[in-house]
Each structure stands twice: as C-alpha cells, then as structure tokens.
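Labels run A, B, C and D following the written order; every chain starts at residue 1.
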Amino acid sequence: MSLTGRKAARYFIAIFLIITFNFAIPRSMPGDPLTNLLGEDVILSDSSVQELRSKMGLDKPLWQQYIEYWQSILRLDLGYSFHLHKPVSILLQDRMKWTLLLAGPALILGSALGAILGARAGWRSGSRREKVHTGILLAVYCTPPYFLSLISLYLFSFQLGLFPLKGLYSTGSAADIAHHLLLPAVMMTLFTLSRNYMIMRGSVLQEKSSLYAAFARAKGLYDEQILFRHIFRNALLPIITLLALDFGFILSGALFIEIVFSMNGMGSLIYDALLSRDYPVLQGSFLIITIMVVSANLLADLLYSRLDPRVKWE
Amino acid sequence: MRRSLYLLASLLLLCMLMLSTASMGAEEATGEVLKIGSPNVIKSASILGDSNMGVFAHLSNPTLMKMAADGTIKGLTAGSSEVSDDGKTWKFSIKDNLYWSDGEKLTPVDVQFTFNYLAENYPAAGWMKNTVDNISIQEDGTLVFSLNKPYSRLNLEFATYPILAKHIWESIDDPMEYTNEGENVGFGPFYIASTDLGAGVIYFKKNPYWKGTAPKFDSIEIHTFANMDVLSLALEKGDVDAYYKYAGTYPYSSIDKLKETGNFEFVEKDNIGLIFLGMNLMKEPMSDLSFRKAISYAINYSEILKLDALGYGKVPNSGFVPPSMMNFKETAKLEYNLTQAKGILDGAGYKDTNGNGILEGKDGKEIKLTFLTRTDYQRPTELMVDYLKAVGIDSEIKNVDSSTWIKQKDAGEYDLTITRSTPWGMLMHANWGTGYFDSRRTGEGVLHVLDDAKFHQLCDDILAATSEDQLKDYAYEVQDYYAENLPAIPLYWNLVETPYNKAFQGWYSDPLYGIFNVDSFLSVEKTQ
Amino acid sequence: MTDFCERLNEWKGNRLMPMIISKSGWLGLAFFSSFLLMAALSPVLAPYDPWYRFEPYLPPDELHLLGTNDLGQDILSELIFGSRASVIVGFGAALMSTAIGTAAGLVSGYFRGMADEIIMGITDIFLMIPQIPLIIVLAAFLRPSLWLVALLMGCLWWTSTARVVRSKALQIRETGYVQANRSLGFSSLHIMLSDVLPNITHVVMPKFLLSIASAMIAEASISFLGLGDPTMKSWGMMINFAFSRGGFLNGLWWWYMAPGLCITLFVLSVVLLGSMLEERESVSLRLQ
Amino acid sequence: MTDLQDFMQGCSRAASESMANNQAILSIEDLSVSFETAMGRVMAADGVCLKLHERETVALVGETGCGKSVVVSSIVQLLPGNAYVRGRAIYEGRDLLSLGEKEMAGIRGSEIAMIFQNPSLALNPIIKAAEQIAEPVIIHWRLPKSQALDKAGEMLRRLGLGNRAIPGMFPFQLSGGMNQRVMIAAAMILSPKIIIADEPSKGLDANSADEVMGEIARLRDSAGASLLLITHDLGLARKISDRMAVMYCGQIIETGRCEDIFNQPLHPYTKALLNCLPQRGFQPIPGSSPSMIEPPEGCRFYPRCPERQDECCMKAGLQMVRILGPEGEVLREVRCRLY
C-alpha cells in the first residue's frame, strides 16, 4: 500500500478501536445511569426500577447495546441523556461552545506567543530578561493547573474584586461574558504558553548552533532575521507534533479550570457524566474528543509534511 | 517585531481593566429583589426530573400539606385534612383563594389530576398505584382518597409532591423528561419566570393573582454555586443575601468568618437527618450484636463532634432518632469506653492469639474490615479507622465515588460505611429512619440491611396505625429496638445553621425544607 | 539551561569534556536530592507522627511550625510524609512508562515494517484514551492506592517515550557499527541490547525525568478530584482537604501554600535536572 | 644559512613585481583568539599577521586543529560566544574586529563572503536551494523576491547547474558537489571583494573537488575578488593560490609564494608537511600536535622538530624573520631560529 494508504488504514483502525473503547470504558465502571438518577431520598419498588431500565435500554444484552451504539453513531444520533433531560447533541453543542470560547483563544494565543517568546528566549539565552522569563514560565509549567487557578481566583476575584466569582456569565451580555471568561482564559493561555515556551526554547537552543545558522549569518543576516527566517521553521517541527499530542491535556486542563471557576463547559459535563455514569453523554463527549484529537494529529501530520519536505520525500 | 509584541500585550491589559470596571455596576433588577445562594446545582430545568429543581419549584407549585416547625403535618394548599377511623379514607378540603399565575383558578380538579397523573407517570409516586384505589371530589369540593389498606402517613407523603396545573400538564406525557427554561405556571406567591442554566440562576416573579398575605419582594433569585467557598465569598461580599441548602447545613468551618463580619444572623435548628456508621448486618462479624456493641463503645463521640461538626451538635443516643423528630424517646446515651469495648470483644470470643495487636475472628482468621467511603466522608472515616485500631480491629479504607458506593453497598461488598440520613429519608417508609434499614425497600441512599421479622412487623404496624397514640407507642418501640440491636451507630446529632444577611428578617424554618417554604417567603422582609 | 558550553568548533581535543553542570543544574540537583532525602528519612525528620491529632486549625507557632489541619494533625509532618507519595507516584509511573516506551520504541524503530506499523497504531490509540475516566474506573475496581495510580499513569504515558526512542532507533539502525554487527550475524536482540540501547539512554534519561514531573502533577490533580489514596499522606490530598475543609476561606494560606509550593519545587528540580541532561546530551552529540 | 642564499637567487623577478604595486585589501595584524572553557583558556590563535592583496589568493594551510578556521572566522566575527579576540583586521581602512554586529552584518555576504566546508549541513534542509541563494540579494539590495530568484537562477547557470528543476529542489535532494555549488552561488551572488573558503573541497570526491575549485577560481577572476583559502590539501593550494601561509598550533610559522615554498621550504615543519604528500613518500610527522591550553614555550614545533636546537625552546625572542626582496617587498617570512 502507498504511504498515505497505510497511514489512512492506521487512522481508520485506530478510530474504530477508540470508538469501541468509548463504548467499553463507561460500562466497565460499577453502576449504570440509573444508579445515581433519582436522588438519595427516593425509595423505588422493583417494578418501577425495571420499567426505567428498559426505557433506558439497559436491560438488553451488552452486544445488542453495542450494535445499537454503532447504528446510532452511523446515523449521527448521539442519543438522549436521562440525567440532563436533553438530547446529547444539543448538550454537547452549547457546552462545547463555552469550552472552545475558553480553550480556543488560549490555544491559539498560547502557542503563538509561546513559540515566539520561546524562540526569542532560546535565541538570546543568557540575557537577564530571558532568564526572568524562563524562570517565571518554568514555575508555571511546574505548578498543577488547578492550584494556580485557585490562587488566582482567590487573589483577583475575592481580594481585589477585579473579576466575578463564578459562572460563565451573569447578565449574558458580551461584555459580561468576556468579563467572566477573561481570568480563566488568561490562566489557560498561561499554561499553554508555558508548555510551548519550554519546548520551543529547547528546540531553538539546539538548532541555533547548527551550521546553517552560521552560514545564514555569514550571508549577512542580522540577529533576529537569522532566527525568524531560518531557525524558527526548523525549531517549529517538534512543537507541531507535541501540540497534537497535547490536545488531550488541553481538554483535561480545561476540566480543572471549569471546576475551579464553576463554569459548565465540556470539562464539567464530562466530570459530572462520569460520576453519574451517564452513558450517552460520556459516549458523545468521548467521540467529540476522539474526533478532535484525530483531526489534531492529522493536521499535525499535514502541517509537518508541508513544513518539512524530507518527510514527504521518504 | 518586538514593538508589535509590546503593543499587543498593552492592548490586552487595557481591555482587561476596561472590562472589569465596565460591568462593575451590573444593573439592578426592577423592584425589591431577594437573592439566595445555594450549593444545590440544578442540572436541568425539569421540576420532576431534577431533584434540586423540584425543591426550588415548591415555591411556585406548593405541596398539598406542609410540616410545621414542631414536626406536625398541617395543610398548605389543603385547608384541612381528616382520616377515617379505619385509616382507609382521607378527606382534604382545598383553599379557594388560590389562582394560577396565568389567571386560572386552582380547583380540586387540579389536585385530583395531579395525584392521578403522578401515580401514573412519576416513578417516585409509583407506590400510590397499589395503595390508593380512587380519588373522588365531593360536591362541596373536598377531595376523598379511598385506600385499599390503612396508611397512616398519607398526609406526610403529600407534603412533598408539587400540585400541577391540569390545563398545562395534561398534554405532557413524560413529566420526568419535560424541561422548561422559560415561564412555569405556578399558584404559589411566586412563579418561575425563567431558569438560566449557564449562569446557574432561577428567577422567580411575584404571582399577580396571589390573594394571600402579600410578599414583600417583587422577585426572588436563586443563585446556585458549584464551589462552596465561592458561595461563602459571595455571601460575604453581599452578592447573595441568604443561604439555603436542602437537608444540609452551612459549612461549620466557615461560620466564624461570617460572624466576624457582624452583618449576619443564623437560623439554628436541630437536624432531623444525621451522620451515622452503617454496618453490613448480612455479613460476619457485623451480624454479631456484641461486636457492634463493642464498636459503639470504641467511638470517641465528643472528638468526632469536635472535629467533624466543630461542636455544632451533641453526642447521640443509641436510639438513633434525633430529639427533633416527633415522638422522640430518650434512650441510653452512647458512651466512649475503651476498656468496656475490649471487654465485650474478649467476652464474645474475638481473641488476639498471635499478639500482633489485631483480633482474630471466631473462625480464627484475622479480622480485616472493608470500610467503603465516599469523598465527602473521608475525614470521619479516617477517625473511625483510628478508633477501631485502638481496640484491635483492623480495617482498610476503600475510597470510591457515589455511583460506585451505591452499587457496592447494594451488593453488600463492605463491612462498614459512614453515610448520612436526610430529614425526608428519616420520614420515609415507616418514619423514624426505618426506611434506611428495612431490607424490603431499596433506594440509592438506603442500606436495607435489617431482615429481622420483628422489625418488618413493626414497620407494617406503623404504616397501618390509625391513631396518634398508636403511632407514639410504635415510635417508642422502634427507638428501643435501635437501642438494643444497634443496626447503625449515630456519630453525632448536628445543628442546621442557615446564615442570612441582617438586612433581612422574618425567616421561618420547617424541619423538611428549612427556610425554603411558602410561609418563610411571605414573612421575610428588609429590616427598616 | 544556560548555554555557556557552546560547541568549540576548532577544539578537537580527545579528552572527554568533564561533567559540566550549569548553575541551575546544581539548583535542580540540590532540591531533588533534598526531597529524596525528605522522603527517605520522613520518620526521622518529621517533628510529630503525621496521624497524631492535636488541636484542629491551630495557626503556625513554635510548637507546630506550619500549624495543624482540620483533624489537628501537624501540617509540617504531613508535608514531610507527603513527599513519599510524590516519590512513589513519580518514580513508579516514570519507570513504568519509560520501560514500556523504550521497549516499544526499540522494537518498532529497529524492526520497522509490520511491527512498526502495529506499535505506532497502538500509540495512536493510547494517545486518544481519556485518562481521568480510566482512573475512576480503576479506583472503583481495585483499592485505590498510589501504586495503582503510578501503574496506570505508566501504562498511559509510554507513548511519547516510544516515539522519541523510535526516531532515535531509526537513526542508529543506519549507523556503521550496527550494520557491521548485523553482517557479523549477531541476533537482532543482541544488537538492540548491546548497541542500540546504550546510545538511546541519553535520549531516554531526560524523558524519564520529565515523566516523573508530569506524574507528580497528575497525582496532585487526581487527589484534588478526591480520588487519591486516603491511607497515604500526599501533597495533593493535603491541598484537597485544605480547600474542602475551609482552609481557603478562613485564610489558612499556609495549609495549602506549603504543599503547593513543595509540588512545584520538586517538579521544578526534576525538570531542571532533565533539561540539564538534555543540554549535555545535545552538546556531546555535536562534539562527536 | 645556505637555504637562504639559494632562495634569494631562486625568486623570479616578475613574481615580485605583481605583488608590489597592488594594495593590501585585508591586513590581519597581531590577531590572538582564546576561548574560555571549563578546562581552561584555549589559545586557538596567537599573534597572527597576514596580508591579503587585491586579486590575490592566499592559502592558509596546516594540520586540522591548528586554528586556521578560528583565524578566518574571527575576521567576520563568526566565532562562538565564549571567544575572546585581540588584534586588528584592517579592511578598507576599518578594523573589522571592532565593528558592531549591525555594520558587520552589512559587510558579510556583500563585501566579504564565506564558503563553509560541509555543504549539506550548511544549507537549511527545509528551504529551497534558489531561495537560499537569493537571500543575500533580498537582505542587502532589498530587491523583491522574484528579481532575487532570477539572479539566483542566473548564478546557478553560471555554475553549471542550469537545468530547470534545481532551483525548486531542496538541499537534501542534491548531491554534495551540487550543494557546494549552491553555497558558492550564495556567496558570490553579490560579487564580494573577498571570498573566504573554509576547506571547500573537504568531503567531496577527487574530481568534483577539482571541479568546485575550478568554479571558485573562475568566479574569483571574473569578479576580480581576492580569495583566502583554508585547506589541508597542499596540492590544491599549489594549483590555485599565489601565496601560502603555513600555520602550526595557532601561529603562522611561514608565508611566501607558493612556488618558492614548494621548491625551498625553510621552516622544518613546512618541510615535514611537504614530505607528507603522496608524491614525496607519505612520511608522517612524529609526535602529535601540542595542547593549546599549555602550549610549549618558545618554538611550538620544538618537541617534534628534527632540526631543533637548545635555544629553540627558550621563552624569549622567537620573532618572525622577514626576507625582503630587491624593492623591499617581503618575499618570505619564517618563524625559526635557524634563520
């Protein structure tokens, strides 16, 4: 098979197996959607319990559920959540909107700024300013995300009262949403920034002492011209693959930020669905994550081969 | 290149500051607003589908009956209630000055429709199908429930189901899945104007057709917080005026901080629910009464009260039922006495032959109890493990999330667990906490470990009791049963603390729903 | 992290460059060894038994340097014993993930062909498995202990090590001495172990240290979700209790700042060591 | 002393005239370079003096590791961060060593161009060949990219790489020889006054090395540039360069016209070096080059010098002996006590 054929086959098998995993993981957890549905004060007669189980389709044998699961995926019907009383697709839509609103700018700004600052730090390593930058961002890189968010919430929202204490919005106006999302978005950007900064800095440090950089200098390129015309593209390669690998981390990072800032985006949806064993929501959100991670990897492969012709040539 | 970077950064900073000042003064809603903060987060705007939403909806769709402060059941939507001697026919008269927020009048037909509708479609009311034969309306409008067997707590059960509008709900075939984030028609003093899940706020507006005593507020907002600390901060800063948690107290560790600010008062009530040590009576060695007795002597109640409830409560009796409940009987106080505990264990044949400090069971094998615990009860569990070790009982903690806890508890894969009972949980089934132990009834929060025939008979008698003093005798019998057989060991009887801003007064708390009841919202007002 | 030992393009001396440690390398080493020491000698260092209960919520005073927590246990002793959890999880997960990753990378890099295809396919799958649900699943089944958490992280994070090792193995596979050995008829296992592996270690070492760092951060985050191991003192659990038992609100900042700072410093020291190794590795590479 | 007289008669008159009238375009005066390393201070170059005249080619030869590249790199300030440079390098009246990075960048590529030794590493693997050639035009002359690419294409044709595909190809798709030509094209595109070639033929097979050197010579003549060639290939040096300077352990020990040095090497090390040539029997030089951290006192070749005498290893007074021609121009310089 040609190179792309083999790669496509690998991706296809991977997706198939992961979707099966998405079916298996929720069900391997003890309990099922009914265990935590009605609340602790309710006593049920066995007949109504059976009735509810059949309504949710839990009484069918596992393999039958699996086949129906695949049929619904092919029909792009993500099912209905009995905990949140809404079709899963609508749920995912508006929750994803908030998470993207939070993680989107953080991802773009974080990686862009991270790449540029990291490159400059790697290029001018040893200067005092660079040492300060590296110190701060290294500290951010090493702190657990939720811990830093809690400290910032306590400091900015409560002590200084600069930001609201909770939630995605209170009045719903654009300015209000922005006001609510600013602090969490800044934290998310900081985490992505610190990760990319470290990687880019190491990568530029390695590339900077290469012979083509010396030759570029011999051609009369001045200081940062060398960095951005030559070294940056070579140093960017490892960043791309790591960004794709990091995608899962970004989403789980968003989970902690959402819990700390009590915002209901994808992160808290998944966490609540996990605790209440809401199978349809879990399957739907895992599917979305799988699609996003796979497309991130595809994008990375594409970008990588465009940036580095040696890959295509192999 | 560098200049553009600094430009970008300063721009970002500027808009950050501008934004934070711009929306400082969020516009005030029109008229007098009462804001209540609550940790009971609502997942969906479904009155019957979401348990938390159901509690808040009691303001717009009040229940038929209500529980008064002293624990007796009084009429709310019902004017009066009476039961026949044989306890099989109940009569409720309906108040005639109640109007729906869309102008329609509330009629007994609505009430009749509600209970038939719930019996059919609402799982939690499924018991009515095999207890209530039919519901009829006499000419003078009183409702008559004829039952196929005596059921002493019918009026108590009717203090939990919201009365629904027939002309709205008859077209909804599955109430559990019906969500309405917009206006909900209600006949209470307030009706739900809208529910904003994103912001976690429920907006109530004054019911224009409310005839009773006029409430002092034009609108009420319920702000739900996922993070308890953030809720406390909001309370302190005045973003919310009062606090409400269903079947729970304001966290004791944050009370002093509120008191320091000086502008908060507390409604303090004895909690009907309690924290207790659940035991798997179906399995050795917990099935052995003397082993349970020894454990009851091994627990340092005063320390648990001091550490877990910071002293807000008192050491419990062996009778399990707290004094705040109706027909409370003073039973023997639980006592922390290590020598007694060791003595009982030794007497019961639990020896430590190899001298490694861990007792062996009757079968000669070393006892290793599995302590199933949920994340909210880790601290008391740690204390318990320490107390048990002191008397030579070894145990390992299994830390699980709530769904796993329910599953493994129902499967009996545990020896000990620390859990709680809620006020309604204590009133469930045959009242006085019997719902938690009767092995014939399952449920998420119940242990269903007692299959003793004597206990089952006692529960049935209570359900069939027809007179007050009959109920009183049975209540005493249940509490004596608990004291003797220790199916569970209460750890402490605690107080429910509900803070409110001094700028408001007139809060009234009932044992079931605390300050969140119709009378409370009618009497509360801004202090002059 | 500094670059003072930039390559000397003219100096071709055959004397091996002695072990050069940058200033931050020393800092990393100092912190790293002090935390290891703290973990090893916890019983000796800790002023009290971390489980012993004094008065709860005591502010720091001369008796309790960091005060006491909600059960009255001495926070400083808890902190010292907490380092053990981080060491166990950190090293356990890192050893596990590095072992699996190196093996997988070596096999797929050396044999290429079908083996490479399968292993790389598996890594793609592992990358996409959401981690938090898996941890809840295992926490439910087995008694959740730190070893379990370390084991799980090991099984999930070998993919990045595998990729790095594979690319290095592909490179080394083409070098002269490997081809020579193959022509001499050595078994591929022998070649992998005796030739390819030694040259990969300096790639694996920094990766090993970085996975220790991320394992520690993950342990703290999992404990924050309340899924940590209750029988063992750990920094993550301390922070979790600090925030859930009123430490945050009542301004007991020492209760959550101390463990938070410890996690950051320990991870920082590991990362500094890791990058210092990487720094030396990249220099030694170019001097050949 | 006899070698000296023979040498005097041997100089042909014509050769010395060509040197006398044109000016020294680049004069390196007392250049010393040392590196601060953990193992101590490395004296890579010590008091180097060298003159390069217009249209002249000087070959700087010596064993690997004797500091040739350091001398050359220091002229255009391409040394790594930890280098410490003293002395002067006068070019058009300005001391190159004291220029700031900005002015230096202005000179590099346009007036002084450098060709590196390892072509496939010196070219950026992920940028097209034509773009890398066109870059100096874009940087120095600020020409739009399209015009620069045309000039690059033209440059490639002049170097015999005319076929259509090459400009669009990447360095890893070209052979070593082709990459070398790409680098030469990049260096020569702005027809600089001085070309510095650092072992251009290293790593290439024999005939492509000759071809490459032929290209360099041809371009040098057409641009009228002077060439400073670094090589350890003496045969190549003889073919292409006018004068030659022999370096040993950071010091220049002999300079002079190529023919004269080949015919009558004066310094013992030069003799030993020439004997290493295949046509002279591959006689290796005993011992190994001394450490640059603690160089031996006096003459550094003393430990390996067959004709050494006692006072050779004395610290003081080892000067560069100049042998002047009839009009006072310098015919030969040699750093040895024998003269």
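Quick notes on this one:
Assume contacts are C-beta pairs under 8 Å (C-beta built on N, C-alpha and C of every residue); 3 or more make two chains touch, one makes a residue touch a chain.
Everything quoted here is computed from the prediction, not taken from an experiment.
Chain pair with the highest count of contacting C-beta pairs: A-B. Using the average of C-alpha coordinates as each chain's centre, D ends up farthest from chain A. Centrality annotation: A (chain centre taken as mean Cα position, compared with the mean over all protein Cα atoms).
Chain C and chain D have Cα centroids separated by 50 Å. As a whole-number value, the distance joining the C-alpha centres of chain B and chain D reads 90 Å. If each chain is reduced to the centroid of its CA atoms, chain B and chain C end up 45 Å from each other.
Taking each chain's centre as the mean of its C-alpha atoms, chain A lies 22 Å from chain C.
Shown for chain C are the residues that touch two or more other chains, namely 3-4, 6-7, 136, 140, 243, 248.
In chain B, the residues that reach two or more other chains under the touch definition are 233, 400-401, 404.
Residue positions of chain A touching 2 or more other chains: 29-30, 126, 209, 274-275. If you check the complex, the residues on chain D that touch chain A are 76, 78, 80-81, 101-102, 105-110, 113-114, 116, 118, 121-127, 135-136, 139-140, 170, 172-173, 183, 186-187.
Across the complex, chain B is touched by residues 51, 53, 56-57, 70-72, 136, 139-140, 143-144, 226-231, 241, 243-246, 248-250 of chain C.
Chain B meets chain C in the complex at residues 228-229, 232-233, 251, 253-254, 256-257, 303, 306-307, 373, 375, 378-379, 381-383, 386, 396-401, 404. The touching residues of chain C, when paired with chain A in their complex, are 1-4, 6-7, 117, 120-121, 124-125, 127-134, 136-137, 140-141, 159-160, 163, 213, 217, 220-221, 224-225, 236, 239, 243, 248, 256, 260, 263-265, 267-268, 271-272, 275, 278-279, 282, 286.
If you check the complex, the residues on chain A that touch chain C are 6, 10-11, 13-14, 17-18, 21, 25-26, 28-30, 125-126, 134, 138-139, 141-147, 150-151, 154, 198, 202, 205-206, 209, 241, 245, 248, 252, 255-256, 270-271, 274-275, 282, 286, 289-290, 293-294, 297.
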